[in-house]
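Look for chain A in each of the two complexes below; its partner is chain B in the first and chain C in the second.
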Partner chain A sequence: MIDFDYAVPTSLSEAVSLMGSNGGSARMLAGGTDLLIMMRAGRRLAKLVVDAKSVPELNELSLTDSGLNLGAATSCKRIWDDEPVVQAYPALNDSASIIGSVQIQGRASVGGNLCNAAPSADCTPTLIVHSGVCTIAGPNGTRQVPVEEFCTGPGTNVLQPGELLVNIKLPSAPTNSGAHYLRFTPRNEMDIAVAGSAAFVQLDESKQNFASARISLAAVAPTPLFAKAAGDLLVGKPVNEESIQQAAEAAKAVAKPITDMRGTVDQRIHLVGVLTARALRKAVERAREA
Partner chain B sequence: MSTTIERSSQYKVIGKDVLRPDGVDKVTGRAVFADDVHLNGMLHAKVLRSPHAHAKIRSIDVSEALKMPGVRAVVTSEDFPPIPEGIVKEEGAAFFALASDKVLFRGHAVAAVAADSPHVADEALSKIKVEYEVLKAVLDPREAMEPGAPVLHEKLNPMSFGARLEQHSPNALQQITSMGDIEQGFREADVVVEREFTTKTVHQGYIEPQSCVVDTAPDGSVTIWSTCQGPFRHRDNTADLLQLPQNKVKVIPTEIGGGFGGKEVPYLEPMAAILSRKTGRPVKITMSRSDVFEGTGPACASYMRVKFGAKKTGELVAAHLYFCFEAGAFPGAPVGGAVGIGLGRYKIPNQLVEGFDVVVNKPRTQPYRAPGATQIHFATEGVVDELCEKIGMDPIEFRLKNVVQEGDRNVQGVPFLRIGGVEVLEAIKNSDHYKTPLEGPNRGRGVALGFWRNGGGMSSCSISVHPDGTVSIIEGSPDLSGTRTGIGMQAAETLGIPFEDVRITVVDTDSVGYTMGSWGSRTSFATGWAAIEAARDVNLKMVERASSIWSVPPEEVEVSDGTFYHRDDGSKKFTFKQLAARLNATGGPVVGSSVVDPTRGVGPAFAANVVDLEVDPETGKVTILRYTVAQDVGQALHPGMVEGQLEGGTVQGIGWALNEEYFFDNDGQMRNSSFLDYRMPVALDVPMIDTIIIEVPNPGHPYGVRGVGENNIITPPAAIAAAIHNAIGVRMTDLPMSPGYVLQALWQQNGH
Partner chain C sequence: MAKVIVNAVVNGEPVEFFCEPRQSLLEVIRDVLLLTGTKEGCNDGNCGACNVILDGVLVDSCCVLGVEAQGKTVETIEGLAGTDGDLHPLQRTFLDLTGLQCGICTPGFIVSAKALLESNPNPSEHEIRLGLSGNLCRCTGYDKIVLAVQEAGKMLTEAKR
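Moving on to the complex of A and B:
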């Protein structure tokens, strides 16, 4: 690991100006569970590391009538420790409580998971199905980007040099809705998804038909994938195994995985079907309980 | 989790769960491991490793690295004295002197840099320019045995694990043993099963990476602090490579965070010694986890073909075992050992075993807990399970019918003394687990039997008696698994004193006589025996002293249970403490010492498993529901630690069975050299394990001790494969039985 400078800004404006210094080679540090490992391995270089944990806006976690304001540096542990947040967004809790281990979750942030832009990121599909929107701050002010447009490839995202992610806003969950995220890993903890699937469903008043649905997939494309068509086809359909299998098939159709040490193309496409069906069943169950 | 002991003897100290003396230090962090050693002026070194699986080294230019501020020295193979033929006795040990003309695997050490900090050393590695001419690599043992395959070495050393092998082809050595007439045997068989099996490279996964601090004095003498299983082998190899007298190399074994066979050889010490000599300062090298995966010795991958024939009534009549072990870049896979135990657990009148030690462009393998046995048992027990199915016989009854017993002869023709194969099978048969029916879809049960011959060899020990009646014991076996406790207990038992009066320390190579390393399930057996002999020597000398105090002939003085007394005169009696208090004033202190080499008394041992599991038919993932291990341990010195060994070996076996593998790409690069992607089981992956400790005392050892540490890893892959078959009806013939592979097998079964 090469020597680097380290700064701890205490305001957003200070953070933005630090990120803009050093000719764009500054990197933000939230939990560091991706960054430090990559710097050690020489896969990320930074002359300046800017710590996110003392910037108030980056550490907000507030639940209001309009939804959730999730500061980018909020750790997974803060999410699963916050009972109202867990109640309102159980799928976010599903994601936050499977990353790494308890020790990792004490540091790892949702924003870091998103910015790191791994195809296998466990939080990102959940943010996508909840229609999350990113607030980005930079030298030219702030801008908003839907989560599903944030990642651009393995390890790359829409942030321009000098920009940072401030927060992710999730709209409040409508009535009769439910969501679930699950992944497949050979181990039961400390593992990276072979494939993952998040589902959000809203049922009609009878709770017998889908009013809307969103599905998003992990580890089966260069970025976390929004499987829009798979969710859309459920609109107006009755809640039954046939509809669920149709959506699962549609999700399989958009998956474009690769074969690597974690799984093969065939295995991953098959898993997308299995996991999407399971995610939908659980999301429906949660919607009916709600 | 439950533990049952079927106890056979009663002792005063042995067999009790005494407090282990190293426990508090390990739990509180006081214990000193190699990386905890800090010396004044110490430098830090890092190792440059080959990026290619097979290449000629055209040139190495270290000048830019040496110019970096903070860099103190660089070592390459040129700094080592030329290695005379035969001087380095261990196969392949020459490679601890760094790659010279060729690199033979990705991760092969090429150079090392010593600098003021590990970060500077790390950065300096990128400044070393190595020009390679990339050669075609061979990564599969069967391809390596084909004519025309890339050749790794001009000559192969024919010694493997003490056995002499024969050259088979440029990349392979072979060993063949046979008994009876297999063709005749297969003709007599009513049922024959033949299958091929493979297993992948797996790592021991010890939690502490290799680490050492080496200090070379101006007179050239070398002091080494190292995490090692065999300090004397480290000393001898280092002395050989540096061409120093053995008394100029001292190895101080630190506490060790696991080894399992992986810390038997000095990967770092010789190069660190040269860096220290060049700089006049102590040098530390600690591996990263990816160094450990790529630069040390994992357990060998294998290809195996097994054919067994049996009568309808269940008797095995013929067996043919053909296996290729992937040695890695240098020969030395455990072929000899596997030939010895491969079929050893059953009475098979006609058998042929052909073993091959094949070099390929991968890391040079090392033993891993019962080296070779897990692979062989996966294949042979798999075929046995299938025979049971075909004959329609209960798998335990089948094994009871065929298992070797006292008086049967092993492959070398030597009759077994008392052994516990029947007992472990009966224990499983009578266990609550086996008697409880398993219900539910996609669930299955499997059993397997494992056999391991255990080891003996040289050990030394000495015991000083202090005036207050406490004693200090020194011995030379690094404590991987609580052995110092069990060794101290054997001494205390022999002296007839409480364990609390014993202090036992593992010392350096200058302080105790030659002791073979802590491997081969030999330590509690052989070094324990050395402690017994040293204690007997103490007793003998104390008897003499009592006789001189009492002015009676020594023959009239006896000792039992720590009391010295006159045969006939009841008034003449000393407790151990009373006599100890008299020693210094009556002729000086008593020190007992011993050297033993108890190869004959080694007690082979058995373990049997029953496992229940469930397969998710949609994902192929296996969940272990219940696991019971029965193992014959001879005599449980410390039942708590014995239980730990049974559970630990089983967990490692479960990892090997289900998920662990080196994932190599086509260029021989390991793609998963981290614990995140090399999937050893975590706590949530294993159930609580029930252990049944069987004591069939080893008649070859004073307290009936048999090796305990290795046997337990042998059976899990075989038992799990049998259970998967029982659950979903497919025969799994390759390890690991990872979800992707189980899924594929299910697809094949359904004509997908």
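Moving on to the complex of A and C:
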């Protein structure tokens, strides 16, 4: 690996100052499972690596009355180890427990998964359907960006030089709501999504009709995709297979996948339909159990 | 860049070492601490040959910087056997049940299996295959590794009674 300096800030202001004073040549290190591999391969360069793991705000994982504060450096393992978080946000657990292996999940962070901006990122669709909002800190103060607007292309995001992702806030899940994320991979483990789908649904009091729904897709566009129209068309519809298939078809309509070593355009569009229907059914099941 | 001083506890012993920020924990363990039981396989987080336990968490040491070990505990394969040379039950069952052939993946498998058994002392075959999915072996076909882990789990559970 090419030489770099290493700093361990212990406060957010110190981290912001380190990132800001080094312009675009500083990189935040959380789990390192993407960053260090890419730096070794020469695909990312840094003069300064700033370790995120001693900054309290970046490592917060707390459930409050208003929802979940998910510090950007929080590892996947901390999520699946935290029973109240798993209970409150089972779809987040769905995502965090399928990224890489146990040894990857011990280090890899949800915020890193988002910042890495892979179209196939497993956490991002879940954060999108939960209406997550990113807090970004930089030399000019802090700003908020909805998760669905964070990624701008494969490997790129809205962070400007000197900025860093502080946390992702998920609002508390409303009553009669449920969510699920799933993906298709040829191997059971240690694989990257050919396609993935996350669904969030809120049912009415009778639990027979959709009150609201959000759907997001992985690996079928240059960024994780928010399929807004597919979720919106469910509002007011009865919970049945016909509604679910309509939403699945609407999700297929917005998918813009490419053909690559993992799958073809046709296969991926077909998968979007199958996975979205399954994600919706499971989300409904969870909403009815809640 | 200047080397930095790192203080850590490795296999129960406090150690102080110099390393460059760019050196991975794997490089530090092998080249600075001279604990060569930990192996380099893929060097990109796929194969698990470099597995160590960092502050109680199983990690691929190729995906960790050596400087990140500051103030932390590191457990490598060398820390498993007793000080009198008594093998850990996993080392014993891997030998007895031939859970290895060429041996390069073995330290990683054993460290990974140790972490698995600590969180789940009596795993099913499926749980073992899932838990060890971050460790690759191109010799054994895995069956004997699964049997060795199951057997060691039984031995460890028995020993606790």
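Operating definition for what follows: the second predicted complex is superposed on the first by the 289 of 290 C-alpha atoms of A that agree within 3 Å, B and C clash if a C-alpha of one lies under 4 Å from a C-alpha of the other, contacts with A are read in each partner's own complex, and residues count from 1 in each chain.
Here is the rule we use: contacts are C-beta pairs under 8 Å (C-beta built on N, C-alpha and C of every residue); 3 or more make two chains touch, one makes a residue touch a chain.
For clarity, every value in this text was computed on a predicted model and none was experimentally measured.
Applying the stated contact rule after C-alpha superposition, one finds that A:264 touches chain B and leaves chain C untouched. Of the two partner chains placed around the shared chain by superposition, chain B and chain C are both touched by A:2. One of chain B and chain C touches more residues of chain A, and that partner is C. In the superposed pair of complexes, A:29 makes contact with chain C only, with no contact to chain B. Once chain A of one complex is fitted onto chain A of the other, the partner contacts of A:188 extend to both chain B and chain C.
Looking at the shared chain after the overlay, A:104 reaches chain C, while chain B stays out of its contact range.
Once chain A of one complex is fitted onto chain A of the other, the partner contacts of A:51 are limited to chain C, with no touch recorded for chain B.
In the superposition on chain A, contact of A:241 is made with neither chain B nor chain C.
Applying the stated touch rule to the two superposed structures, the overlap between the chain B and chain C interfaces on chain A comprises residues 1-3, 101, 188-190. Per the touch definition, chain B reaches chain A in the complex via residues 119, 122-123, 618-619, 621, 658-659, 663, 671-672, 675-677, 679, 681-685, 738-740, 743-744. Across the complex, chain C is touched by residues 1-6, 8, 29, 31-33, 36-37, 40-41, 49, 51, 53, 77, 100-104, 106-107, 188-190 of chain A.
Listed in rising order, the residues of chain C touching chain A in the complex are 1, 4, 20-24, 43-46, 48, 51, 57-60, 62-65, 67-68, 70, 112, 115-116, 130-131, 133-135. Per the touch definition, chain A reaches chain B in the complex via residues 1-3, 101, 184, 186-192, 194, 260-264, 267, 270-271, 274.
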